[in-house]
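Each structure below is given as structure tokens.
In what comes next, chain A is part of two complexes: it sits with chain B in the first one and with chain C in the second one.
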Partner chain A sequence: MRMIENKVEKNWAGQRIVSPDYLLFEAPREKHFMTGSEAVKEAVKRASVDASVSYPITPQSEAAHLIGELWAEGYVGVYFRGENEFGVMSEVAGAAMAGARVITTTSGPGTLRAFENFPMWSGTRIPVQLVLMARGVNSPLSIQPDNLEVDFLLDTGCMIWYAENVQELFDMIIAGFAVAEQPDVHVPIITAVDGFFVSHTREAIYLPPDDIALPPYNPYKSPMPVIDAEIPPGRFLRDPFVMKSNYISYATHASWQWEVRAAIERSRPYAKHYLRGLTEEFGDKDSDIVFVACGTAASQAKEAVRMLEETEGIKAKVVKLKTIRPFPYEELVEATKNAKYIFIPEFNVVGWLEREVRKALYKKSNAEIIGTPRVAGGMTMPKEIIVKEVLEYIK
Partner chain B sequence: MAYKIYKVNEEFRDIVPQEVIDLEEKATWGNPKRGVMDLPVSKELLEEHSLCAGCPESAAIRYILASLPNPEDTIIVNSTGCTSLVFPHISLHTVHSLFGNQNSVASGIKRVLEWRFPDKVKDVVVLAGDGATVDIGLDYTLQSFFRQEKITTICFDNEVYANTGGQESGLTPKGHVFKMAPKGKQFEKVPMWQLAIDSGCHYVARLTVSSPKKVERVIKEAIYVAREVGPTYIHLYTPCILEIGLNSDDGLDEMRSRDKERFAFFEYKTPEAEEVIAKYKAEGLL
Partner chain C sequence: MAKLGPAHYSPYPVAVYEGVLTPPKGKALMFTEIVDEEIAMREAAKAMLTRENATIFPGPQVLYAWNEEAKEKAKLIREMAEVLNAKIIPMYDYRPKYPKIDPEVEINPNHPNLTIWHNKIKACIFIGVHCHYANVALKIIRSETDCFTIAMCSQAGHEDAMITLRDQHVEEIEKFIEVAKEVKKELGIS
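Let's look at the complex of A and B:
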């Protein structure tokens, strides 16, 4: 059997095994300059990944190619191109059920084609990691940055984290495995970034050395028996079949679904540790003008905070959400307790983050919640637009 | 060997149900010569079944499970339909995932088990109905053949969507009237066995389950070829006696009558498959 003991010192690629804490917080780091897709490769290279299945779709294709290169170099155990995203997400599900640490990537329409798999992933309690490089969904056809698809994923029972930039994407992929594989969590993790803005943008990034890696996944710590005919019970159907017409089966199904959501809740302390908090603040802490954002909308909001201060003398702050599932309710309430105006800039037409924020702050904040600016279909969100919107509201 | 996972914990032996103790004591583990002739004397890997009385599919599943050469290291993947109702009764590690994705899930499982256990034989077998294999799952079935996945795919063809109440499927013969085809099916039965050959399967068989010994031979050959060469496909006629208006004791006669026509025994083997089969015959395993 391939090495799965945490005590072994090297993985199959000859990398020294270190703890997630060492890899994320303690190992010396060197500065590099690379795109988000290249950062995915660097993260996977240090994550002792057993298997990955890929399918081409812009803008995630390059990240998927680079994982393939890692397979060719001996860092990843199993890799191939699947037939389409529905097949790919089922192939990685099979791989995870058989005891593999798995990562895959997709974007936009691919996410929708794969969709039936996501609630299946969470229901079958596999800690698959999906790097989602968000892109618009049809119709009309678009390949531009837009994160509408994240809205569709919110209630699939998967954890959803949102990285702002290339550095955060690298760190979140590593932290994602560390959190998703906790025996009391053990649900899928979707690590989202904005397509192109992060996948194709070259930025400074600090990386630990590439001769160290995460401990290999130990499937025998899973809360569900791994499908390898090596572990009791001998008679085991994954997933449990509760399709009988009686109240016990209905209650079993319901409690299973609630347990998936409870598992996401139990990820909070681990995510807080490995992400150094579920939220991050930028700007004047006591300001009554607050932007709540995730991804590159947070980057643009930070620029707007600088511009408001420089050109108008107005102080503001950004509360960046790093996790969407679990949603950082307490952190958001605390961070907005002095707010009079809460602006939610978003890259989609529906304003799903605005809805989430309204729900979280209902009866907990007297601030005016303003879902603007909102751009979509590949439109950019210049800081000037954000500042203009703010000035219109607060005058 | 993995059949140790069937050993009963001594502390609990007095409260463990008899059928679980029987699995440890009377099932045929670690014996590749096991087969349908063991059915009356050994513990079956199917604990009763939940299909209609006299359902030929239940007979097919019993024969298949009795014929697996390596049940202690066999993973079975299925799909939604009547077969999925039987899965909780199978005493192996099994997967029900979605409707139609069975060959994708099986591909992931097989590849990872080869990666995790390079020195062990782990067989992966797909059991699914005609809707799952040929309609909703056709893409994933054929793509797993194209990719030369080392899995055995078994299709239970009852020529209809039985579990959802009798709708026409791609494997319904032309002209048959079912729900969703109220004027009779407008196109020919899909020749899935031929598609399997064209898509790269190394062993293909089409038969009814009227002869248990024949089913045993076909299953063993398909699994050995899949283990050593690549994808294999078995197409079984398991009529839905309910949907075609037959009685519980009519299934066998129905299959025997089809043995002479559209389910006449058909077999295809590539030269590589012939070689593997000859090798196992020489070892006395076929």
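Let's look at the complex of A and C:
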């Protein structure tokens, strides 16, 4: 809801409404020191969020409860705890279909329990934001940093962005709404970070004032009608073409699914603008040793680049991927054109990013692609390990 | 590539997978090219005036009086149909029609090809259709028919149409009607 007071437009919390560009790039910022979970709270506080549903799961329960504090303070319209993760993801879908800006958080097994909802979100074209503080999936249960669940999410029809640190997480949450709500995009956005390393670690962060906020979501620009008495929730889900086995049904389903993927592709120019590029480079730009990484693996790779130069006199660079869906194909090909060795450090056992990079560079690079170092289950990735692996390969 | 169909048995590759995105503000998309809006309007009018059984498919956003703009647009669409000598077949809603759609009476985004096949439509304009449903329908049409599709969108446009005009509100529709009148005169069509 917008209110006009002395020609200044305000949201229901009394914050002045400003453009995403102003909030992200122009507003003055002050230095703070906080965890990733606290950064989620600060981003939500400035995002005119209508509703949030939570279910506590390690490691992001603090973020969810901090959003609850925002509700108590009057910054979030509706907030409650779901029955379980499946309930949460269904409930936020209902709120979004009714025209609300919605955010929630989860990780690890909670993601899997809720899983059926993610392709439903994208198929219903709702711009829900999910902050995924990756924790991994295993039995026996793991509650340590690991990003295996991101692999599961790659083909759900949701955009996936990956923040490296607390600052990027804050900015990506704001930008995420601005991009996901574009009428020609309008698919869910998963903003991923490495759990514990980012969610629980205090870092310096620069924040704009908290008396300004994003414009409220306008559901009337949605590519699907908002639900009301005439259009019950998920009307198309119950209508007959879903259940029919005939060529009409097949053609509709095929077109529908291509359309969802096409919507992710349409996000590229918007994401380039609000993220200042889909990738970021660090180190010697002409180097033939390249690390391709996302999240905190990129942070560790940057430390390894420094160490390689200081101790071995070897130059290298990092290409950090900010978006996984859409995947930055062109940017990666350009950034690795001089590469002889491409290392992909990852925090999971399967090497999903290595697979993505191999696919993107197939027949476009002669570099040796090396899926290492790869750690999982809560292991850390010290720069010394990365340097050791590089030296073993290049000698 | 947003070329004239029929493309494949399935709507793949969709236009974005071949690098065609919606046009930037102030511009239009004609096949794979970003062009000035007026150029695209002229070509759209020409296609509608010269191809067989040209038809306008108005959607719910202009069929129901949601707001003043919808009412204005609805009147202009009738005028547009007269200028273009085009039929109007509405898209009342988005529910698939079973057991059988009446393709002379309506078009539906889930099986738009039936209406186009039955009525032998070689050029059409989508207007007032919610973007997701327009995109679903345009992909099926390009896949299965040789209909020349034109999208007049109040938002960002539709790259799977042969011509897409974005940010089309009352003023732009009035402009298109004037362009169509000029093209009609140039072609010597009454």
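Simple rule for what comes next: the second predicted complex is superposed on the first by the 373 of 395 C-alpha atoms of A that agree within 3 Å, B and C clash if a C-alpha of one lies under 4 Å from a C-alpha of the other, contacts with A are read in each partner's own complex, and residues count from 1 in each chain.
Here is the rule we go by: a contact is a pair of C-beta atoms (placed from the backbone, for glycine too) under 8 Å apart; a residue touches a chain by one contact, two chains touch by 3 or more.
Values in this document were obtained by computation on a predicted structure and should not be read as measured data.
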{"item": "Contacts of A:Ala98 with chain B and chain C, given as first, second, both or neither", "value": "first"}
{"item": "Partner chain(s) touched by A:Val53 [first = chain B, second = chain C, both, neither]", "value": "first"}
{"item": "Which of chain B and chain C A:Gly87 touches, first, second, both or neither", "value": "first"}
{"item": "First, second, both or neither for A:Pro269, with chain B first and chain C second", "value": "second"}
{"item": "Chain B versus chain C as contact partner of A:Ile160, first or second or both or neither", "value": "neither"}
{"item": "Touched chain A residues, chain B compared with chain C", "value": "B"}
{"item": "Contacts of A:Ala254 with chain B and chain C, given as first, second, both or neither", "value": "second"}
{"item": "Which superposed partner A:Ile190 touches (first chain B, second chain C, both, neither)", "value": "neither"}
{"item": "Contacts of A:Val290 with chain B and chain C, given as first, second, both or neither", "value": "neither"}
{"item": "Common interface positions of chain A, toward chain B and toward chain C", "value": "225, 235-236, 239-241"}
{"item": "Chain B partner contacts - residues on chain A that touch it in the complex", "value": "1-2, 4, 50-51, 53, 77-78, 80, 82-84, 86-88, 90-100, 116-117, 120, 124, 225, 227-241, 243"}
{"item": "In the complex, chain B residues that touch chain A", "value": "2-3, 5-6, 23, 47, 72-75, 77, 84-85, 87-88, 90-98, 101, 104-113, 115-118, 120, 122, 139-140, 143, 147"}
{"item": "For the chain A and chain C complex, residues of the former touching the latter", "value": "125, 182-184, 186, 221-225, 235-236, 239-241, 244, 248, 251-252, 254-256, 258-259, 261-262, 265-266, 268-269"}
{"item": "Residues of chain C that touch chain A when the two form their complex", "value": "10-12, 14-17, 21-22, 60, 94-96, 98, 110-111, 113-114, 130-133, 135-137, 139-140, 143-144, 155-157, 159-160"}
